Structure formats: structure tokens, C-alpha cells
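For clarity, chains are labelled A, B, C and D in written order, and residue numbers in each chain start from 1.
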Amino acid sequence: MNAKSADSILEEATAWWSTAIIDIHPGEIGVRGYPIQELIGTLTFAQMIWLMLRGELPTAPQATLFESALVAAVDHGPQAPSIAISRMAVTCGLSVNGAMASAINVLDDVHGGAGQQCMDLLHRIGAQSKNGPVDPDVVEDALDNFIVAHGKVIPGYGHRFHPVDPRAIKLLALVRAAQDDGVVSGLYARIGVLIEKSLARRTGKGVPMNIDGATAVIYSVLGFSSLLGRGLFILSRSVGILAHAIEQTEQGGRIKGPMPTSIPYQYTGPPARHLAVACEK
Amino acid sequence: MNAKSADSILEEATAWWSTAIIDIHPGEIGVRGYPIQELIGTLTFAQMIWLMLRGELPTAPQATLFESALVAAVDHGPQAPSIAISRMAVTCGLSVNGAMASAINVLDDVHGGAGQQCMDLLHRIGAQSKNGPVDPDVVEDALDNFIVAHGKVIPGYGHRFHPVDPRAIKLLALVRAAQDDGVVSGLYARIGVLIEKSLARRTGKGVPMNIDGATAVIYSVLGFSSLLGRGLFILSRSVGILAHAIEQTEQGGRIKGPMPTSIPYQYTGPPARHLAVACEK
Amino acid sequence: MNAKSADSILEEATAWWSTAIIDIHPGEIGVRGYPIQELIGTLTFAQMIWLMLRGELPTAPQATLFESALVAAVDHGPQAPSIAISRMAVTCGLSVNGAMASAINVLDDVHGGAGQQCMDLLHRIGAQSKNGPVDPDVVEDALDNFIVAHGKVIPGYGHRFHPVDPRAIKLLALVRAAQDDGVVSGLYARIGVLIEKSLARRTGKGVPMNIDGATAVIYSVLGFSSLLGRGLFILSRSVGILAHAIEQTEQGGRIKGPMPTSIPYQYTGPPARHLAVACEK
Amino acid sequence: MNAKSADSILEEATAWWSTAIIDIHPGEIGVRGYPIQELIGTLTFAQMIWLMLRGELPTAPQATLFESALVAAVDHGPQAPSIAISRMAVTCGLSVNGAMASAINVLDDVHGGAGQQCMDLLHRIGAQSKNGPVDPDVVEDALDNFIVAHGKVIPGYGHRFHPVDPRAIKLLALVRAAQDDGVVSGLYARIGVLIEKSLARRTGKGVPMNIDGATAVIYSVLGFSSLLGRGLFILSRSVGILAHAIEQTEQGGRIKGPMPTSIPYQYTGPPARHLAVACEK
């Protein structure tokens, strides 16, 4: 290997790991260009999350609205699979990092993707409503297309447990207040309401916006991509996953299954048989 | 199964999943007793994290100090295995939840346990210094015992990359300020300094406190257990893990290995051989 | 809650976990109906895998062909992200279960889905060729449709490293031998060859079947669904993931990053800046 | 950077990923020195696992005993947390790789470490019994020490569900047969029986060897380290984890929690309260 090629291979190796997020030198850490010591003690955790994900800082009122969405989604109790998995994991011997990993992993398309999917829907409608009122026909078409592609469950609307989601009501009131203060545009909240109205007509009953819909509106008016919206949900729910891992650690227990063993599971397979019989066949 | 036993089995099943964190009923969500709609728009994300983990709310100055520690630890660049794994994972097809899971999982004892281990050391010394000055001999004994049990690397001190960790300096200044304001006790910061002095004497060179030590002091003065301290580090670092997963998703790439393939790996096994030879033996 | 409803709730709970795979009673374990003690010492591990996944036992020649595919895919070296992650993970403190989890997780659509995708393509063509010769036009149409939907990389064909994949050649020879012996149908091997020929015409160069294609043919002729094919690849590659985790554990190392730190990473973000400047804006 | 240092940095980078397992060149794959095409179609999957983990091939009777242990541990039903997690995960949207990752992750010290811990105990006693009979006092001392260090549950003995574990009985019979055939030494089986006898004396009731104990004996007589024994258990149980993930995928279901929601969970936290009250304090 000659000198030239060694240098160029090293250049390629350096470029292999390339990032605009953080710059580190001995004694110096720059985050998005800012020396870390200027950020510590100055930014809230939520502002730091925003800076890391967006590259720039939020204004104070943006940060306030952002915090409200992060606060809203931290937990939904031990019957959610993610939380149950976190608790079962620590009884198998895992540290909190392992319990969080097994649990966060299941925040996938079905258990953790509703917010992202709702944002995609809002953005698709919003892209056809730039700088003007939202055309109800655009909403209808978007819903029709969504239902053809993904089925009739519209992400961000309805809840199998809560007839009305108390988190959504409060979040939407905060969006309206921010809108009245000129902090954010009203576009996505308006689209959200039009979808709600259309669903009421389509189903003949109320299918109110839930927390995934309300946070989708907030993350959208704050300029986040739907992919970031999904990441923010995971950060938020990680708090609950951690809290339950810690609580279960304190409760103790070993190899905790999903139900007490006094409740049997159901076997639906073939009746007892023997290899000899199988081999004779 | 008679009626009585069915009821008692159900009671056991209800108790199987038992939590003091969250109470959910149709249309109602209570977190540590507070209706969720009162928390949304009122608490910062950091205050919500505290409430979820501790059960009660921090005071405002406690929350400020708490935020500084959460802000400080979000990232340490793509050469950290956790960050590299997050980036490699998305190029394998994983969504952000999966990338975060594979990455958070490796924040184990070695890559994510230094803060917890440092807190354990601080608390062990602190337990012998209640309501009084810290006896230097207690520090020496604790260090001696630690080194016998775990080796000479003291968690929370020294850094293989930073001669002085800029995060630690700022965090410790914030602790001193909070102490001057009467917000927190000075106990753990004093212990931290005594350890630093002892290590300087023992090694003949400066082994200054790093971010793990500084956040260990902060979480300790704020009353967190060492287990919670570990969890808080994971929450904080999750922000960097997410930011890098998103950046890599935007960069694209397929099945990204650890280095460009222009750099070969080293094979150290047996030379080429054939099964026939093996069978003859 | 009255007696009746308690019983019916318990019935629902029993049905909640329902399986045809395994039936357990004190002192008795039945797998797919067979007492476990009849299987232990009688079945090979590969036969047990087949029984667990399919519900019935393979014939001896089916099992032999099945073993060959499982053997072929166990490892592809430390520059594969899954293997690198396994090795990095143990240096962060994880046990082998944790290292395997972080690594297996990344065997997702891109890094672990080629076999499944190839099987889907084979089955789509095969469904139009039942009981007769394969119409080359059906192959062309299927490839055209695949390319429109997924791009021009055909899963199971070509390899970025191996001009010819030695595993594929051997596996396809074994399929042909099994076909000559009347063990399996020749349908999917024929389709595989027709795809290879079409790709040669389309690209003007050889794009030979790789291991994903060859195992896709084998799992298909043995009657596995594409989803099971994916699972079998994971089981096979898990062997390599484990072997590398163990080897790295023996080598030692702490917090092993993707490259030695003598090779820096590249920072592409904004130049150093200060919060004061940001606030003035 | 001059030519010399570039070359030496590259050398360091090549050595960074160093393995004796697999050697890959274009068109060539060597596993432990053997060309992969010689192994495919020749080795069983179990023999390949042995070669990957040990570096050399087993004899035929060793391989047979080895298969029996791999077959025995594949599954223990949906009430095991690992299996339940696998099933819950797919209903959250995860592919089989993700479901397997979340599930395998929890095969940690408590849920997956008994075999390794039992092997450590067997090896500790065995190291004091080289080339001779096992001194019962050595067994007693080892048990005393183990109980002081880890508590009175001896890994590999007793089962909370099975009074007698049908897998262990069969596996131990196979060990005895292999011993009679001169395939393996009788050392670890003898130690296993002495522990069983001692536990019967200590507890006043039978605490028979379970599957973890029986596989610990087999992996020990076959020369595996306890770390490898743990890895082998994970490989074996991965089969059940995969089978249940596939079955749940076929059953369908969305966001499957641990129990039907008709069974509530128990809230044990503070009664409902309001922020105003908290702030007044």
C-alpha cells in the first residue's frame, strides 16, 4: 500500500462517520456549534432536545408548547405492552438499560407509529393548502386515499379506552392559545378539526382526536418532520418505561410472566401423540 | 372452578400488575395522583421526569439544577459504541425505535454504569459523614476498598479523551451556586473534591472529576438513588442516540459496517484446511 | 363482580395466551403433541427447529437439505453491522443475551430481509406456474413489477463482495441432487435460474444467485413461508453473532467503538458559535 | 499526516477487528480454516454450531449428545416472559428479528443464567476432583460457599412447576449411555448426583436436577465453558421465541398487553390531588 492510497483510505474512514451534531476535541465539546458549557445551566432539557434534533434553538413560547407535548405522552399504564415488557424484563435480571431497550423496541409502527402516521396525513393535506384555507374536498380525498391504503382506523383519532382523551383536549387548547399569541400557524389544527368532522360524518358518531393526533398537530405546527415526531414520542414514553422499570426493581419478583400462573394458558395443538406412530406413517 | 376461587384468582391477577405511578379510567389519567391535564402545559419535561420517578414535584431551583445534568450528557459523538450502533442500525432497515433499542441496550455497566457506580461510592462515604464534616480517612478507606473490589479505575474521575472535562467544570459550578443559595447540601460535592485530591496524591497527577462524577454529585444532592441516576443518564443519552439515528436516516446508506470496506479486518485463525484432512486424523 | 362473569373473564384470560406449539403440565411437556422426552436424543436440532415451526417432522432427506441452508448462513465476518454490534456490545458490559439482542435486532428488512423478499418473488412467479413449465414472460413481468415497486436491486442476486458466492453454488448443487432423488420439486430452482438469465440479459453482465437466493430456493422447495424463511436466516446468523460475542469477551476491551480513535470522525456542522450571538438575533 | 503514520494507523484499524472465526476474500469464505462449501451439505447445523464456537469439529457421538441438549431447551410456553414478550412484540408491529431481540434480551442472569451458574458450580467442584473420585466434603463446601454468596436457590435444581423435569431425566440417561460408551467422562454427572443428594439431605425433600442442571452436565462433559453454555441455551430457546413470534403473527392482534383489559391493574399510589394544593405547600 503506497502513501497516497493510505492517506486516501484514511480520509474515507474519517468521512465514514460524519455528523453535523457534535464536534469533540480534547477539552472541548461543541453541540451544533455551541460550546457545551454555555448550554449547561442555560437550556432546559426540552430546549436541548430541540437543539440536538433541529440544529437551532426554539423561541421561548415554542419551547413551552413543545414541553407540553413531551409531558403528555410519558405513560399509559402497565397494560401497555411496552410498559409490561419493561417490568417483566427487570425480573429476568436486566439492568434498566436492558429493560428500556426491550421495551422501546416494541414502540414500532403499531404501538408507536400513530403520531408519525397522523403527521404524514396532516402534512399531505397541508401541502395542498399552503397560504390559504383548507379545502374540505382535499381532506375528504386524503381520508379516502388513506383508508384505501391503510384501512379505516385513522391514526390520531379515537381511543379504545378513553371516550374523550383528556390529554388531547388540553394540548389542543394550548395550540389555540399559541396560535392566538401568534407563536404558531393555525393550519394543522384546522386540518385536525376538519378530519374530526369528516370522521363524525363518516361514522355517525364522535371519533375525537386522541393524544397521538394532538401531539401530531403540535409537532407539525412547530416544524418537526413526522420522523422526528415519532422520535419525540419515544423519548417521552421512555420516561414511563424507566419509571416502571425502577418500580418493578423495587417491588422485586423473579421471572414475572404476563399473568399469575394460577391462570392457565390454552393449548390448541394436536392431542398427545408418539414418535413411533409418526415414523410408521 | 367455583365462584369463590374465580374471584380470588382475578384479585391475584389484578394485583399482578400493581403500580403507584399512574391511574387510568375512561376519560381520566392520574399521574402520581395529579390529573394529567393539570400537568400538561404547567410542568416542564424535566419536572415531569422528576414527578414520574420520585412521586413528588421538585422545587423550581431543584428543577433548574436537575435540567443542567440532563442537558450535559446527551451525546459524545459517533465513536461511542452506543451512537455508532444507532447509526448502523437504521442503515439495516430499523425504525428509530429499533435503532434506539439496540443502542440504549449497550449503555450497560461499562458504557453506562460509571455514574451509578460513582453515586454508590459517594453514598457509602456520605453515610459515614452524616451531619458533619467528611473524615479524610473515611474517603481513603472507601477508595482502598473500591480499588480492591473493582480495580484502580475510579468511576467519575479521569477521561481517556478530555484532560479536563468542560461539562464537569460547569456542572460543579452550578452545584456550588445552588449550595450557596441553600438549595442543596454541600456534602456530596465535598466528598467529590476529597476523592479528587486523594486520587491526585495516589497517582501523582491530576485525575479530575468527569461528567459522570459531576452528574453523580448533582443527582446525589437532589436525593436520587444511584439506580435512578443510571436511568437519568440513559434518558439523557437517548437524545443523542435519537439525533444520530435521524441524521443517519437522512444521510442514507445501506448495511453500514463499522469501517469502510477498504480497510480489511484481520484473520487470526487456522490456515486453510480441508475436511478430509480433519476426518483422517 | 358476580360468579358468572368472573368465570368468563378467566376464560378470556386463558384464551389470551393460546398456542398450538407446546402443552405443559406438571411433569409433562408436549411439543406439537409429542412428549419432549421422546424428542430428546431422537431428533437432531434441525429436525426440532422444523417441528417447532411447521408442526410436523421432516423426512430424513428433507432434513438433510434443510441443514445445509442453516449451515451456510451462520456468519459473514466482523464488518457486517450485526456482527460488529455484537462485539461492541460485550465491551460495553452486556452479557451474551444482550449482545445477541442488540445484534439480531438489526437483521431487519435491509440487513436480514433479502431472503424473505426473494422468497416472495419466487412464490409470486411460482403461483402462476403451478403444475407446469415456468413461462419466461411471467418471470419478466414479475421482475418488471418488482423493479417498479422496489428498485433495481433484486434480492438474492449479486453480491457486493463476492463475484460468485461459493455458498450459493454448493447449495444449488444440493437442491439439484435432492430434485434428482425425488425429494423436492424443481419448480423454484427453475424460477431461480430464469431470474438469473433475465438479469444477465437486463444488465449485460452476470448477476449470479447469492446465498439469500439459494436459501430462498431451498426453504421454498421445502415448503416454508417467506416469513419462516426470514426467521430461519436469523436463527442461522445467531450462531455467528454468538461466536463473535464470545470471542470478543475473551479478547477483552472496554467500550470498543467502530474504529480506533486514531482515526477521527468528520464534523460537518456549523462553526463554533455562542449563545449570546444566537440570542441577539 | 506522513506516509509512515498513515500506514501504521491503517494497520491498527485492521487489527481493531480481529477474528479467528472467519476469513473472507472475494469468492472465498473460510470458517475456522475450512472452505464453507466443504461444510455445507456435510455438517449438521449442530456440528456447525460446535465448529463456530469451539474451532474444531465434534466426533459423531459428541455431536449426538450435543444435539440432545439443544433439542431439550427450545421452549417452555407462553407464560415464560421471553416467549410472552416475543408474542406481544409482533402485535406492536415488529418483524421477527425485532421480536426475537426484545425477547432474547431478557434471557439474562435470572431468566437465562441458571445453566451458566450451575456449570460454574460443577466446574469449581470438578477442579478439585481431577483424575479421581469426588470428595463429598468438597461438594458440601462448594454448596455452603454458593449459598452464602448467592442464596439458597441452587441453579439447575428444583422447578417451580415440574415436580420432576422430564427433560432432565432423559438427558441424564443419555449422558450415562455416552459415559458407558466411553464418549465422555463421568465426572460432572457424578458431581451432579452428589449435589442432588446433598440438597435432599439439606432440605428434607427431593430437589431433583432440572433441565438447566442436566444441560449443564452435558455441556460440561463435552468441554464447553460456562459462558458458551449460556450462549447455547440462548440459541436453543431462540427456536421457541421464533416459533411463538410466527404463531402470533398468524393469529394477528394489535398491541397485545399482558392480560385482557377486562382484568384491571391495581393502582397503589396517592389518591387524586391537584397541583394548586401542591404549590400552596
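Note that in this section contacts are C-beta pairs under 8 Å (C-beta built on N, C-alpha and C of every residue); 3 or more make two chains touch, one makes a residue touch a chain.
What you are looking at is a predicted structure, and each value in this text was computed from that prediction instead of being measured.
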Completion exercise
Relative to chain C, largest Cα-centroid distance belongs to chain B
Problem - Chain copies touching (chain A, chain B) - same or different residues, decided at half shared - result: same
Exercise for the section: Compute the distance, rounded to whole Å, between the mean C-alpha positions of chain A and chain B. Expected result: 21
Practice task
Mind checking the centre-to-centre distance between chain B and chain D? Centres are C-alpha means, answer in whole Å.
Solution key: 28
Practice task
Go ahead and note the Å separation of the Cα centroids belonging to chain A and chain D.
Solution key: 34
Exercise for the section: Identify all positions of chain B at which a residue touches two or more other chains, and write them in rising order. Expected result: 9-10, 13, 16-22, 35, 39, 77-79, 84, 94, 98, 101-102, 105-109, 112-113, 161, 256, 258-259, 263, 265
Completion exercise
Within the complex, chain C is touched by chain D residues 9, 12-13, 16-22, 24, 26-29, 31, 35-37, 39-41, 43-46, 48-49, 52-53, 64, 67-68, 70-72, 74-79, 84, 87, 95-98, 100-102, 104-109, 112-113, 161-167, 169-171, 173-174, 227-228, 230-231, 234-236, 238-240, 242-247, 249, 251, 256, 259-260, 262-263
Practice task
Report the residues of chain C in contact with chain A in the complex, numbered from low to high.
Solution key: 10, 13-23, 30, 32-35, 38-39, 42, 55-57, 94, 98, 101-102, 105, 258-259, 263-275, 278
Handout entry: Residues of chain A defined as touching chain D within the complex
Key = 1-3, 6-7, 9-10, 13, 77-82, 84-85, 88-89, 91-94, 98, 101-103, 105-113, 161, 254-259, 261, 265
